[in-house]
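In what comes next, chain A is part of two complexes: it sits with chain B in the first one and with chain C in the second one.
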Partner chain A sequence: MAIGSRVVQWWTILRISLEERLVYRADFALGTLMRFMPIITQILLIRAVFESSGRERIAGFTNNDVVAYYLMVLISRAFSSMPTLASGIAMEIREGDVKRYLVQPVDMIGFLLLKRIAWKLIYYTVALGPFALVFYLCRGFFPGWPDAVTMTAYVTSLLLAFLIGFFLEALIGMIGFWFLEVSSLLFIYMLLNFILSGHMFPLDFLQQFPIVQTLFTSLPFQYLAYFPAAVFLGKISGPDLVYGLIIQASWAVAFFVACRLAYALGVRHYSGYGG
Partner chain B sequence: MAVIKIQDLAKTYRVYQKREGLAASVRGLFRRQHRMVEAVRGISLTVDEGQFVAFLGPNGAGKTTTLKMLSGVVNPTSGTAEVMGYVPWERQHAYRRRFALVMGQKNQLWWDLPAVESFRLHQQIYGIEPTAFARTQGELVELLDIGSLIHQPVRELSLGERMKMELVTALLHRPKVLFLDEPTIGLDVVAQHSIRAFLKDYQTKQRVTVLLTSHYMKDVLALCERVVVIAKGQIMYDGSLAGITGKFGGHKIVTFKFSDKAHADVASRGEVLSCEGPRLRLRIDRAAVTGVLGDVLAAYDVEDVSVEDPPLEEVIAEVFASAPNAGGPAESDPAPVEAVER
Partner chain C sequence: MMQAIDDSDPGVRRHLGVWRTCLGNGLIRDMMFRGNFLIECITSMAWIVMNLCFYLLIFQFTQNIAGWEKYPYFIFLATGMLVNGLMQTFVMPGIEEFSELIRRGNLDFILMKPIDTQFLVSFHRVKWASLTTFFVGLGLLGYGLWQGGYVPTPWAVAIYPIYVLCGVAILYCVMVVLASTSVWMGRNQSLGDFWFYVTIFSRYPLEIYEGSLGQPIRVGFSFIVPILLAVNVPARFMARPLQEGQWALAVYALGATGVCLVLTRWIFVRALRGYRSASS
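Here is the complex of A and B:
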């Protein structure tokens, strides 16, 4: 297929996914806005932790640094989290809807990727206002804007976080070809993700436990939340930043390959359930 | 020219066996028993271009599994198949652009959007030229009389209307081969008739090769020149619809109307299907019909007599029932071919 036709095809998938996402506008807007509610409680919790510890710094982080980190993690998660992706794929396999990708000249993974991009675009559009307001009100927690190089690295790391998140969750969904139900597996993944990605606390807090820190930073999870936030806040720079981006890109490629492989094997194993 | 060539095609599924009760569920956590189910047992078939072929068979006979293999949804366990020169389970895009699969119980439309959006997406997925797309969509929409519905969200359409939209979507790229899996299932008689009339008209004009599975004999009678009866994964009959009665209908239905009353000794010449006043309806062995007619007409005053073939459904049910079990059970048979524990 010519490049021009392919672009038109991608645009059509993207456009229809956007339209579909906008059908239930009230539910979508409410769901998006409600995600901002925990921010206030989290900021108060961080302050309480610092006050009760009686320390000004924990692993080099001040109270303001931790709040800034927490807010940046929210942005990382807005890119890397993929609600309903894995469970949706498993459900399509279980109920037989996956057949449409097997009989039509369309690539399932590419189709779902475009659909997810559309969902994310809508989410960012709706969330932009509330995000801007929160960051404006919390501007005092930040040291200032990073330089152009850091900003470029940050945007790159966010896009890679999106790709890792997408291919990792799609891979979990593909397991449905063998086990049909992946909800428990997904629960374990989300639990691990919450702890290991740095969503709960900055991974620098583990400095006192070098073995645990090595374990955490050897896994791909940190690239879903911690790494982009740490890049923006200038915690990672110079050769470490380049090395980090290379490793992050390698994880994205590894999950892309694993996802494609799982799909190819899964389709061979598929029994065409669900009528 | 043969468009579909199937040789010794077989599909065996490995199916988990869950016994009843909580204790069995707990045991199942550690040790599971599976059995192998032969859904299709080495069928061979050739379909020529432009034929409309019905796949008849009871639930679990292997009809849908065969369609799934021919459309590349599942891989076969053994055997070969070629559709328009393509091996279906290689899933080449070139093949996918030349056939369509419509399943009565599944839809490929975007539920929350008008069908016209699904048509548009289909156009892009299949790379249909804009002018050809507009022409085909216009033709199909007109034939099915759904012009006022294509801008309405799919979720607000009736089952019959949704099936019409499905058919439009499936035919937009003008497939040469069409697999229809129970396209009229669950539809009311009006919608069934409308879909049937459309399919008949479309197939006649376009000379598309169609493989249809349906439990509705009216679909088959109206549409198909050739019938393949499949039961327990094997082909039991392949030929014309009328030929089934000749081959498998071992009896005829004979109705006598006597001038006075029905006579007991006549009733004893066959199986009584009904007896109302002077009218007696009997099922009689095909070979004995001539003799019985001669005797009765000679001995009694008969006002009217008719000899009919039994209803097609009845004959086909007999064909299904006569499917041999040799070689192990198929989908509809619960006995395991081979128990596998894991």
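Here is the complex of A and C:
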């Protein structure tokens, strides 16, 4: 297919997906605002822990740092979480809808990626209000804006988090070519992701358990939540930051390759019956 | 008016009989997919273990959280698991379907049945796998008591299950009220999430709700929508003797449960009056 027609095709997919997503915008905005409610209990719990312990810092984090961390993790997750992606792929395989990608000149992974970009763009547009409100109210927890280099690294790490999240979940969905049902696997992934990504607590809290910390930081999950948040808060800088970004980009490439490979093998394995 | 359950009453007997059938049906349904049932039990347990690991990590840095030491805090967590385990097993699976029953017009079939609609909508589904949370909670409760070296008085042992049931009743009321709004809204997907996010507040001790942010939450969720009492009051009977002044809270919790149940009934009946069938 010529480059021109391919671009037109991509633009059409993106436009349709944007319109599709805007249908439920009010429900979407309300849902986004509600997702901030747990942060209130986190703020109160963390304050109680710091006050009870009598410490100024825990693993290098002050009370404000921890709250700022949890808020930044919300942004990381807004980029890296991919609700319904894996389950949607598995369902398309199970119900035979995947054949539309086999008979039409549309690449499944490309289509899903564009659709997800559209969803995320709408999400950021609608969620901007609730996010701005909450961050304004919580501005006292932040030390201030980071410098331009840190900000650039942060934005890069968020984009890479999006790519890792997308290709990792799409890869789990591709397992549907062999097992049809991936819901249990997805739940396990969700559990692991919640704890290993740093969503539950800053991974620095594991300093007392070096083996566990090494295990956690060797896996790709930390790049979905912990790493971007830590970069923004200046917890990772200098050579560690460059090294971290290189590793994060490597994981993104590795999952892209694995996802394409799984799709190619899956399509070969796939059998469609009926009309 | 609230009445004690009298199973010699034919109406009560009929309702208990229907509930027994629902329990049996739920078990048969769960046992049809035994592998799935087992996985659900394991994943529920994994989720709990993960939460416990979080608190074990927190207790590496502090001796207590807002006055709750490690083992009393485990008893608090265990009480939350008991309340939530019962909710997730016997109440939530049914109520969660209410919005879809309205949207698809299937509520008509329930309204035509010669049994209380709120009862049937609330308890027609049972998810036995969620009882894992309840049993893990029991285990954690025993562990917390044993490690904490606290022997509860017979009085506390007798009153604890009553307050756990009060906790379930309070959370049940919040769920039914939110579900009732489906009649007016047509669909309330966000309000389903709203229940989850609101009840998160009940999972922490009252003492963390301090300061300009915490106090309004403490007052609002104790005296207006009393979800903070659902876990905090029963947990105190087991983990820490009630201090002076907190007995009033325990008495208030009983009264609040009764008021919630009556108010919920009123809202549910009002909602049903506004119901217009969606079926053809």
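The working rule: the second predicted complex is superposed on the first by the 268 of 275 C-alpha atoms of A that agree within 3 Å, B and C clash if a C-alpha of one lies under 4 Å from a C-alpha of the other, contacts with A are read in each partner's own complex, and residues count from 1 in each chain.
The rule is short, and it goes like this: contacts are C-beta pairs under 8 Å (C-beta built on N, C-alpha and C of every residue); 3 or more make two chains touch, one makes a residue touch a chain.
All values derive from a computational prediction rather than experimental measurement.
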item: Fit or clash - chain C, chain B, common chain A; value: fit
item: Following superposition on chain A: angle at chain A, chain B versus chain C, Cα, nearest 10°; value: 90
item: Touched partner set for A:P83, first chain B, second chain C, both or neither; value: neither
item: Chain B versus chain C as contact partner of A:G129, first or second or both or neither; value: neither
item: First, second, both or neither for A:P143, with chain B first and chain C second; value: neither
item: Touched partner set for A:G60, first chain B, second chain C, both or neither; value: neither
item: Chain B versus chain C as contact partner of A:R268, first or second or both or neither; value: first
item: Which of chain B and chain C A:I40 touches, first, second, both or neither; value: second
item: Chain B versus chain C - smallest C-alpha distance in the overlay, whole Å; value: 7
item: Contacts on chain A seen with chain B and repeated with chain C across the two complexes; value: none
item: Chain C partner contacts - residues on chain A that touch it in the complex; value: 27, 30-31, 34-35, 37-38, 40-41, 43-45, 47-49, 51-53, 55, 58, 184, 187-188, 191, 194-195, 200-201, 205-206, 208
item: Residues on chain A engaged by chain B in the complex (per definition of touch); value: 1, 5, 8-9, 12-13, 16, 19-20, 23-24, 96-97, 99-100, 102-106, 267-268, 270-272, 274-275
item: Residues on chain C engaged by chain A in the complex (per definition of touch); value: 36, 39, 43, 46-47, 50, 53-54, 57-58, 60-67, 189-190, 193-194, 197-198, 200-201, 203-204, 207-211, 213-214, 217
item: In the complex with chain A, residue positions of chain B that touch it; value: 13, 64-65, 68, 71-75, 91, 93, 96-97, 99-101, 103, 105-106, 108, 110, 112-113, 117, 120-121, 123-127, 153
